[in-house]
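So that you can tell them apart, the chains are marked A, B, C and D in the order they are listed, and the count of residues begins at 1 in each.
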Amino acid sequence: MVEYTKTEFLIACASSHVKDGEMVFGGTGMPLLAALLAKETHAPRSNLISEAGFIDARPREVPLSVADTRYYYGCSASIGLIETLGFLLQAGRIDVGFLGAAQIDEYGNLNTSYIGPYEAPKVKLPGSGGGNDIASSAKRLIIMMSHDKRKFLKKLDYMTSPGYLDGPGGREKWSLVGGGPEIVITDMCQMDFDSATKKIRLKSVHPGFTVQDVQENVMFDLIIPDDVPTTDEPTQEQLDIMRKLDPNGIYLGKGG
Amino acid sequence: MVEYTKTEFLIACASSHVKDGEMVFGGTGMPLLAALLAKETHAPRSNLISEAGFIDARPREVPLSVADTRYYYGCSASIGLIETLGFLLQAGRIDVGFLGAAQIDEYGNLNTSYIGPYEAPKVKLPGSGGGNDIASSAKRLIIMMSHDKRKFLKKLDYMTSPGYLDGPGGREKWSLVGGGPEIVITDMCQMDFDSATKKIRLKSVHPGFTVQDVQENVMFDLIIPDDVPTTDEPTQEQLDIMRKLDPNGIYLGKGG
Amino acid sequence: MTEAEVEDKRITLAEAAKMVNDGDGLFWGGFGYQRAPIAFAHELVRQKKRNLTVYTCGSEVDLEIMAGAGVATRYEIAFSAIEALGLSYNIRRRVSEGKLQVEDYTNLAMAMRFLGGALNVPFMPLRSMMGTDMVNLKRYRGDDKLKVIDCPFTGDKICLVPSLQPDYSIVHVQRVDKLGNAQIDGIVGEDLEGARCGKKLIVLAEELIDTSEIRTRPSQTKIPAMYVDHVVILPYIAHPMMCHDYYDYDLEHLMMFHKMTQTEEGWQEYLDNFILGVDNHYGYLNLVGWENLHKLRATKPWGY
Amino acid sequence: MTEAEVEDKRITLAEAAKMVNDGDGLFWGGFGYQRAPIAFAHELVRQKKRNLTVYTCGSEVDLEIMAGAGVATRYEIAFSAIEALGLSYNIRRRVSEGKLQVEDYTNLAMAMRFLGGALNVPFMPLRSMMGTDMVNLKRYRGDDKLKVIDCPFTGDKICLVPSLQPDYSIVHVQRVDKLGNAQIDGIVGEDLEGARCGKKLIVLAEELIDTSEIRTRPSQTKIPAMYVDHVVILPYIAHPMMCHDYYDYDLEHLMMFHKMTQTEEGWQEYLDNFILGVDNHYGYLNLVGWENLHKLRATKPWGY
């Protein structure tokens, strides 16, 4: 039996959603490792782009910042923000964006800005960064979140980044370039979106969790299909590769 | 007595209007030689900029094109059009622009586009190029034209570049960045503009010409001050320098 | 990192020109005498393309060729002339004949239209053109030539020019790898924005460079491969114009060209000899002569 | 060509910071861990500046320092956190205390606002932010935060963000000559637009380069001298962040900083020791230790 940590599981899971030849906005952390893992396995011609300006990057060590020089050497172009967020992303040339969030609603809208009321916030979160730009314009969005009932809300404290907004036609009304969220990966399950209602739907539960576990940990009505499979586990090859990519456990954790 | 050609006279005359430390849009031809001459004489810290992207240029041979590589080596930055026409010119950072024209009216508006009606032009001229941009945004404009009655008109066939438009307040109405034309240099005279009416006014006549010569060769009412001096002749030093700048007579002419 | 099997985007000049359909719009690279895609203009003429619309700031010999041969019928440009030599006679004739329509913009306006297209926004704001006939008089674009509005923030008048995303961008560079990563030496003019605004991009380059070399100097990549659809590699693409660090302009040829275009007969003779009379770009270069071409090679460090 | 007597724009860090007036707005250069003008933030703190507004996409330690020390009271930014480590605790506390107001934009929106300022147009169009609270909720800018309009060409919704021309632009680069011609290695983030949008520009550089060397490689000049008002030359300006090709980030110091800022007491201790407790930037570097600093030097060809 393959042994892995929760983080490793999530990275392998996210990696499986990157397709060969795709342009991927990688960032840092788990999304970066997922993108690198995809490139090393089933998507060798995928292209890793950092929003700070690195294009077609292949870092030999994992970067801590989207602007980290570790992204530079060996990439095929190194320019700036207007290039990556404007000429590439806003022009509809980016296939996949990864985003995390502190809160998500049933339409896949995300909050990365404030906990509590806008006028007197309890917690100031990092803000959009390029997140809203990515959510507005990437063809597909992969969302990674830790699973906590207080994060899966009927109404966000603040909507930083667009999912499907208020449902069908929501994105079209604002002429958004991108297609919206495709998948939400948590430490309990994967969720996708019902094409008719644009509402979030359970897709698979991770080993060790049940449909009921998931239902008890969201604060909106989750669409549950009749057949909910168990999420695939990572392969030994995937684990070996990601441990080689992050030998110091910067993102995988020291216990990796 | 100093001997010079008409072209040399005009270049020296234009050169005298460039001040030390100024940012000058040079282009090619006579304006380029005028700018280079100014830098070699009374304006050593003036900065020659070519709209194609060369900044602080000091060509060792006269360029034929604003994009000529002769502008490159020794300049302090080499970028592109958005830099020169947008970040520098439109942002109000260019002190002096030089323009030529096929037609001019009494407010200093210029035609470099069409002779004859717009719908069925008799002659298609080069068009604006960066001319309208320069006329809109440079702090001061130096206009150089050959003196021909058919070129000094009450009404242009086509207004390509703004002088003072329809007179006082004309430029302000359109929030134009630059200050408008300062001087018009022809092969007969220099003209400037009356600050109250924004109308063209005789400033000096070149040696060999009279006020009457000029009056007979414009098709609008030219303001004539009581005292019209004769334009200064070029010095031997100026002539030596410009002949050194253009030893093959590319712009000075072979008979230089 | 495993090197994935990479796509080779190289095709011939004839194959590249063949992709352009009659009626297409083209962003046309180069500025003034610099990096003009002359070889591509020649091939469009040889393939008898029709009704093209060309978008550029200020091109010279190439615009003359495409107007003269009837390949292009619409120009959205700021400038046409042969700098230092004089008027564009072919364009002048075709305009008077009603066979060519020129929609007039300024250099900055065209550069902003390419920038807007690259950014995928529908317009860009501009402080030029206002108050003149460039705003008042319009040809086939009609009211979509531009709009002057009151700025919703400041109340000032501001000119909005419509962004461009033409069918193809045609750009000439010094070096490219087979994936399409392109390096440009010297000034870029409006080519960075222009390369990024087209629906498809064809890069013409003087030389092939290996991808491994591209990856050691990523800051030198002026056009990343992901914008590039096809790559054509040929020498002296810009002749008789110049290519920074590679070769100077051919002033003698240029003056001959300009003189011949003074009359329709002269132009037709040039067209028959130098463009239709040869099979391809090498045929043209053979006609110009390799000894002549060699004399134009650039001298370091001057770049011409 | 005669070389004219040239202006020497070099001044000290203290002189540079002194020019900034209480209440001024600053474009703040660097992106994430790269080329952050930390030394300038320290000096603003030592000179007890107040009520500054800072404009940037996403800065990290420097924004924490300026918010924590009460130097800045308004941020127009897209992002604040210490990437890979976690939240910005100082900013979080100052926001909760009502001592800091953050007007929220996206990275692209801020980059476009700097581009618009550099171009001297009052706004730039954008396809992000629409449909979300980033459009609906506003702080001190009120209705001038942005406008969503119907595009006059296409009818599509489009977001207009107001351009920025702050009192000063503060940019950190690798090399500069005494006239101000600046070379940047590696990515530029939003610094090209940011450097050009300020009413005045202060360039901080790791090294002096001779003007004659600048003139042999004009394409390497990322910020021409004519934009530059003052030049400050110092080593390790970005510490504990990184400077491409010069030094890596100091992860140990960074983690210590992040940990100490978890509490107000911890932050005050860091402030007292590393910023107020030293006379100037060399005092700070002495405290960090030159042996430590030397270990951070970049290795070729990696640049870190």
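In this section, a residue touches a chain if its C-beta (ideal position, glycine included) is under 8 Å from a C-beta of that chain, and two chains touch if they have at least 3 such contacts.
No experiment lies behind these values; they were computed from the predicted model shown.
A.B. asks: Just to be sure I understand the contacts, which chains border both subunit D and subunit C?
C.D. replies: A, B
A.B. asks: Indicate the whole-number Å distance between the mean C-alpha point of subunit B and the mean C-alpha point of subunit C.
C.D. replies: 28
A.B. asks: Between subunit A and subunit B, tell me the centre distance in angstrom, where each centre is the average of that chain's C-alpha atoms.
C.D. replies: Distance between chain centres, rounded to whole Å: 57 Å.
A.B. asks: Could you state the distance in Å from the CA-based centre of subunit A to that of subunit C?
C.D. replies: Distance between chain centres: 40 Å.
A.B. asks: Show the residues in subunit B shared as contacts by 2 or more other chains, in ascending order.
C.D. replies: Only 54, 60, 72-73, 78-79, 82, 86, 90, 177 qualify.
A.B. asks: Would you pick out the residues of subunit C that each touch at least 2 other chains?
C.D. replies: As it turns out, subunit C has residues touching two or more other chains at 119-121, 126-127, 156, 158, 186, 216, 219, 301.
A.B. asks: Between which chains is there touch?
C.D. replies: Listed in label order, the chain pairs in contact are A-C, A-D, B-C, B-D, C-D.
A.B. asks: Hey, which residues of subunit C end up touching subunit B in the complex?
C.D. replies: 30-34, 57-58, 77-81, 83-84, 87-88, 91-92, 95-96, 98, 102, 104-109, 111-112, 115, 126-134, 137, 156-158, 186-193, 242, 244-245, 248-249, 251, 298, 301-304
A.B. asks: What does subunit B use to touch subunit D in their complex?
C.D. replies: So the residues of subunit B touching subunit D come out as 23, 39-40, 44-45, 47, 54-56, 58, 60, 72-79, 82, 86-88, 90-93, 177.
A.B. asks: If you look only at subunit C, which of its residues touch subunit D in the complex?
C.D. replies: That would be residues 116, 119-127, 144, 147, 149, 151-154, 156, 158, 160, 162, 185-186, 216, 219, 301 of subunit C.
A.B. asks: Looking at the complex, which residues from subunit A come into contact with subunit D?
C.D. replies: Contacts found on subunit A: 28-29, 51-54, 60, 64-73, 78-82, 85-86, 89-90, 109, 113, 118, 120-133, 136-137, 158-162, 165, 170-171, 173-177, 250-251.
A.B. asks: Please give the residue numbers of subunit C that touch subunit A in the complex, ascending.
C.D. replies: Against subunit A, the touching part of subunit C is residues 1-2, 4-7, 118-121, 179, 181, 196, 211, 214-216, 218-219, 221, 224-227.
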